[in-house]
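Right after this note come the structures.
First chain A sits with chain B, and in the next complex the same chain sits with chain C.
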Partner chain A sequence: MIELAQTTIGGVLTGLVYGLVALSFVVIYRAARIVNVAQGQLVLVGAFLLWTAASALGLPLWLAVPAALAGTGLLGVVLERLVFRPLVGQSGFTIVLATIALLVLLQGLVQLLWGAETRPFPAVLPSGSLHLGPFRLNRTLLLGGVLTVLLTEVLHWFFLHTREGLRLAAVAEDHFTALSMGISVRRATTIAWLLGGALACLAAMVLLSGRLLGASAAGIGFVALPVALLGGLESVRGAALAGVIVGVGEALASAYLDPLTNGAMSPIFPFALMVIVLLIRPQGLFGWRVIERL
Partner chain B sequence: MSADPPLLELRNVDVVFNGVIQVLRGASLTVPAGAVVALLGANGAGKTTALRAVSGLLATEQGRVTAGHIGYAGADITNADPCAIVARGLVQVLDGRRVLAHLSVAQNLRAGAHFRRDFDEPAELARVLGYFPALERLMRRTAGYLSGGEMQMLLVGRALMARPRLMLLDEPSMGLAPRIAQELFATIRRINRAEGMAILLVEQNAAAALEICDHGYVMETGRVVLHGDRAALLANEDMRAFYLGLSLTQARRSYREVKHYKRRKRWLG
Partner chain C sequence: MLPSGVFFTDHAAEAGLLRTLPQRLWLAALLAALVLLPLVAGAHLIGLLTMLCITAIAVLGLQITTGMAGQVNLGQSAFVGAGAFVAARLALAGLPLPLVLPLAGLAAAAGSVAFALPAMRVKGFYLALTTLAAQVMFPILIIRLPAAWFGGADGLGVDPPTVAGIRLGGATAMYLLCLGVLVVMATAAFNVGRSRAGRAFRAMRDNDNAARVLGIDPLRTKLAAFFAGAFFAGVAGALYAYQVRYVTTEQFTLWQSVWYVGMLLVGGMTQPLGAILGTLFVTLLQEMLRSAGGALLDADVGLQGGAIFAATNVLLGSVILAGLIFEPRGLAHRWGLVVAAYRIWPYPHR
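What follows is the complex of A and B.
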């Protein structure tokens, strides 16, 4: 029983990291209607930017962290300008292909700039484990999880109660209507990519703090994509919740099914769940409507 | 007639889509400050296109004003940026009930005022609810679940939140029950009077539009074929025959039989 609870708790915490990456998908999708398949690579670039600032340049964390967040956000904005803005009005298929090309491109770029070897990632968050009764909690993930929940609530509030947030929400609903209300769709899209990039970088920090950084870190993008689809691509809270569902499911599959299946079940789990949910409810748990793109 | 320049003026405006499809052909119309002006015409005449030309929304559909001039409050707004146009107090209510479906009624209204700095939100909401008291109990309702009439009230209310000097309304009565449509028109007139806000109203329901307008224009295939003040339009034989379903002489006549109409068309065309 305790083992089951322990596995579940671990799943919740890992799931919230997925939720954080999924959140970065959602923020971009809402404004731009783009499912950025290369979001994992944005996470990777964010990680290397932080490594560069903190480890290579030796900046203190209070400086390196904001610099990396801003840098990744700016990369998002640059990608929007150079790759996606010229494609406005093109078919969803074209745009998905562009994000796949971007994935390969960014992966190559990271290898070119930072090489292929793995390196220790700075400990941005406190490490070690916290003992709570019979349970052990990973301190990094716990803090990251709390951060994700807070951020989800802040973003949810931001979209519904602030001027800028309402503008972004209107753009998420319909570009033409937003424009007719005098809302600049371009500006909203820029803000969304800035936010999406920064969130990807934040996810990198939670995921990698005190661990090893290598090209494989981008793989989180492939778990977060089904999480985002499951939660519903427009839903901020859905992303975090779907992250928890996938994280717990994956942890349970890993603990109880993997031993019987040569470790095949846990990697499949997020995708299997996604396919099932999409068959029953194509817009995801909290999404708005049928997904047109992807 | 006063010598003041009109609030809005379209002079010989041509609109072309995709570089080849010409939809407006030398359309001209004016909206004096504080007036209600009706823009009537058959389906496909170019009414919506005319409104979108004014509000700067053609570019998203690969359309452009290729000739002529659109002036608003002393400035040239031909092919201007829609955000800049809204910021000058010219707001369009699109056709097709485009509420922000996943936001609440209150959030929709707030979003309408998104660009205003000097903004007393409770007072502004109260002002809008004064015109549309039915929205009061719906404030927390998700806008996508409102009835058609409620949506239309919300849309006009959302536009009002911007405190426009000129509101463009595209077929607000579409799909509404006659009584609801009648109420809506009465409220539109009341808003016009109380706020001194000019309105350019596109309508299929010509009788209702003529009832509340000061002036009216009739478009056909991208041209203005008839215009005049309310009384003149109501008395006009062609107007009565085609748009009001009335006739001085007999029951409905077909399009081709009306001499006045043809004559006028040759004249203006």
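What follows is the complex of A and C.
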């Protein structure tokens, strides 16, 4: 019983990290209607920027962290200006393909600039484990989880209760409608990419703090994609909740189903769940239901 | 566009793929040159062209799914892999090549339908995610399945194929086989485009709600698009297994799928010609970078081996982005402009 609870708690904490990456998907989608397949690569860039600032340049953490956040946000803005602004008004299909190209480009660029070898990532958050009764909690993930929950609430408030956030929602609904209502699509997409980049960097910190950093860290993007989908691409709170669901499911599958299936269940779980969600409730748990007419 | 003075009196001639004698002669000359090439070309070039033919078949399939029917497919490499593993298994069981190729295609196509089933509920980008799921699940499944089926993590070895009692062991024989299969598959792909199914695909790509009103069943059409595209992938996979003689899951990555999409985008999505031009262009680009990188490595300027792969990615990503922004219709469109200019020369306009 204690083992079950321990597995569940571990799953919740890992899931909140997934939720944080999913949140960066949601922010970009929610404000620009772009599903950024290259989000994992943004996480990677954020991680390497922080590594450069903290380890290579030797800046203290209180300076390195904001610098990396700003750097990744800036990269998002540059990408928006160079790639996605010329594509405003194009079909979603074209934009997805552009993000795929971006995935290839960024992955290559990171490898070209920083090399392929893995290196230790600075410990941004305290490590070790916290003992709570019979349970052990990973301190890094716990702090990351608290951060995710706080951010979720702040972003939820921003998107639903501020004028700027509502403007972003209008852009997410339809570029042309938003334009005809006098809302600047360019401004909205710039804000979206700024936020999306900064969140990706933040996710990198929580995910990699005190671990090893290598080019494969970008894989988190593909794990978080099903999470964003399950929560609904338009829902900020949904991302965190879906992260918890996927994290717990994965942890339980890893503990109880993997021994029976030769370790196949836990890596497949998020994707199997995604296919099932798409079959039953395509818009995700809290996404917008779109009704199309001819 | 046709030269002045060429006209047709019946529909069959008008709708043909090759409509004039010069077109037929040019194509025949090209094919003859490709068949006779091994007489003069070195082993490296022949090997490169064999892989190019195999890749072109996979990208032609992707053109049907993504270009014609408008369904983004991020799992083409997994379907190629499914074809390769099934082909390797069947070849080990002693089946001849003429049976293995279609069976591998059908197996990959059947697998793709399972992942296209969410099409009854979702469309567009969401459907692309299920193909992503196929791509991620593929290696996990192959490795975890009993090793007696597909060799598990070790993969499977394949013997050279035997056709009509002749063992196709050499590089030239494999090249001619792959070229022949490419010609057959390319003809099929061009013909899909002008069949009822192809028109249904395009109608659904352009406006799926309007296509429904016209009496096109969206679910059936989408499944058909995935089936056809993955059939091509399966055939390509079978050829790949015979060519490389060894299949493991590491050869069929998500990365490879992204490359397939990139090739199609650079070439131009809307025509099968784009698939072939794109494959040619990207493969040449890769090869040029590889030899340039090799020269740099030999010169020993402090360059790492991985940097060349990375540089290839940077270049491909930039080429796709530039294509999307400046020429979304791809190389095939540019090629069409050149051909039209040649035909109406010396007049600037029709």
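The criterion applied here is as follows: the second predicted complex is superposed on the first by the 282 of 294 C-alpha atoms of A that agree within 3 Å, B and C clash if a C-alpha of one lies under 4 Å from a C-alpha of the other, contacts with A are read in each partner's own complex, and residues count from 1 in each chain.
Simple rule for what comes next: a residue touches a chain if its C-beta (ideal position, glycine included) is under 8 Å from a C-beta of that chain, and two chains touch if they have at least 3 such contacts.
Computed from a prediction, not measured in an experiment: that's the story for all the values here.
J.: For A:163, is the partner it touches chain B (first), chain C (second), both, or none of the two (neither)?
T.: first
J.: Classify the contacts of A:191 with the two partner chains as first (chain B alone), second (chain C alone), both, or neither.
T.: In the superposition, A:191 touches no partner, neither chain B nor chain C.
J.: If we overlay the two complexes on their shared chain A, which of chain B and chain C does A:203 touch? Say first, second, both or neither.
T.: neither
J.: Applying the document's definition of touch, where does A:274 land relative to chain B and chain C: first, second, both, or neither?
T.: second
J.: Counting residues of chain A touched by each partner, does chain B or chain C come out ahead?
T.: Partner with more touched residues of chain A: C.
J.: With both complexes overlaid on chain A, does A:263 touch chain B (first), chain C (second), both or neither?
T.: Touch status of A:263: second partner only.
J.: Can A:176 be said to touch chain B (first), chain C (second), both, or neither?
T.: first
J.: Per the contact definition in the header, classify A:240: touching chain B only (first), chain C only (second), both, or neither.
T.: Neither chain B nor chain C is touched by A:240.
J.: For the complex, give me every residue of chain A touching chain B.
T.: Contacts found on chain A: 160, 163, 166-167, 169-170, 172-177, 179-184, 234, 288.
J.: For the complex, give me every residue of chain B touching chain A.
T.: Touch residues, chain B against chain A: 55, 57, 60, 82-83, 85-87, 91-92, 94, 98, 100-103, 107, 110-112, 114-115, 158, 162.
J.: Once bound in the complex, which stretches of chain C touch chain A?
T.: 70, 72, 74, 115, 117-118, 120-122, 124-126, 128-130, 132-133, 136-137, 140-141, 144, 209-210, 213, 254, 258-259, 261-262, 265, 304, 306-307, 309-318, 320-321, 324-325, 328
J.: Per the contact definition, I'd like the list of chain A residues that touch chain C in the complex.
T.: Within the complex, chain A contacts chain C at residues 35, 83, 86-87, 92-94, 96-98, 100-112, 115-116, 222, 225-226, 229, 261-264, 267-268, 271-272, 274-275, 278-280, 282, 292-294.
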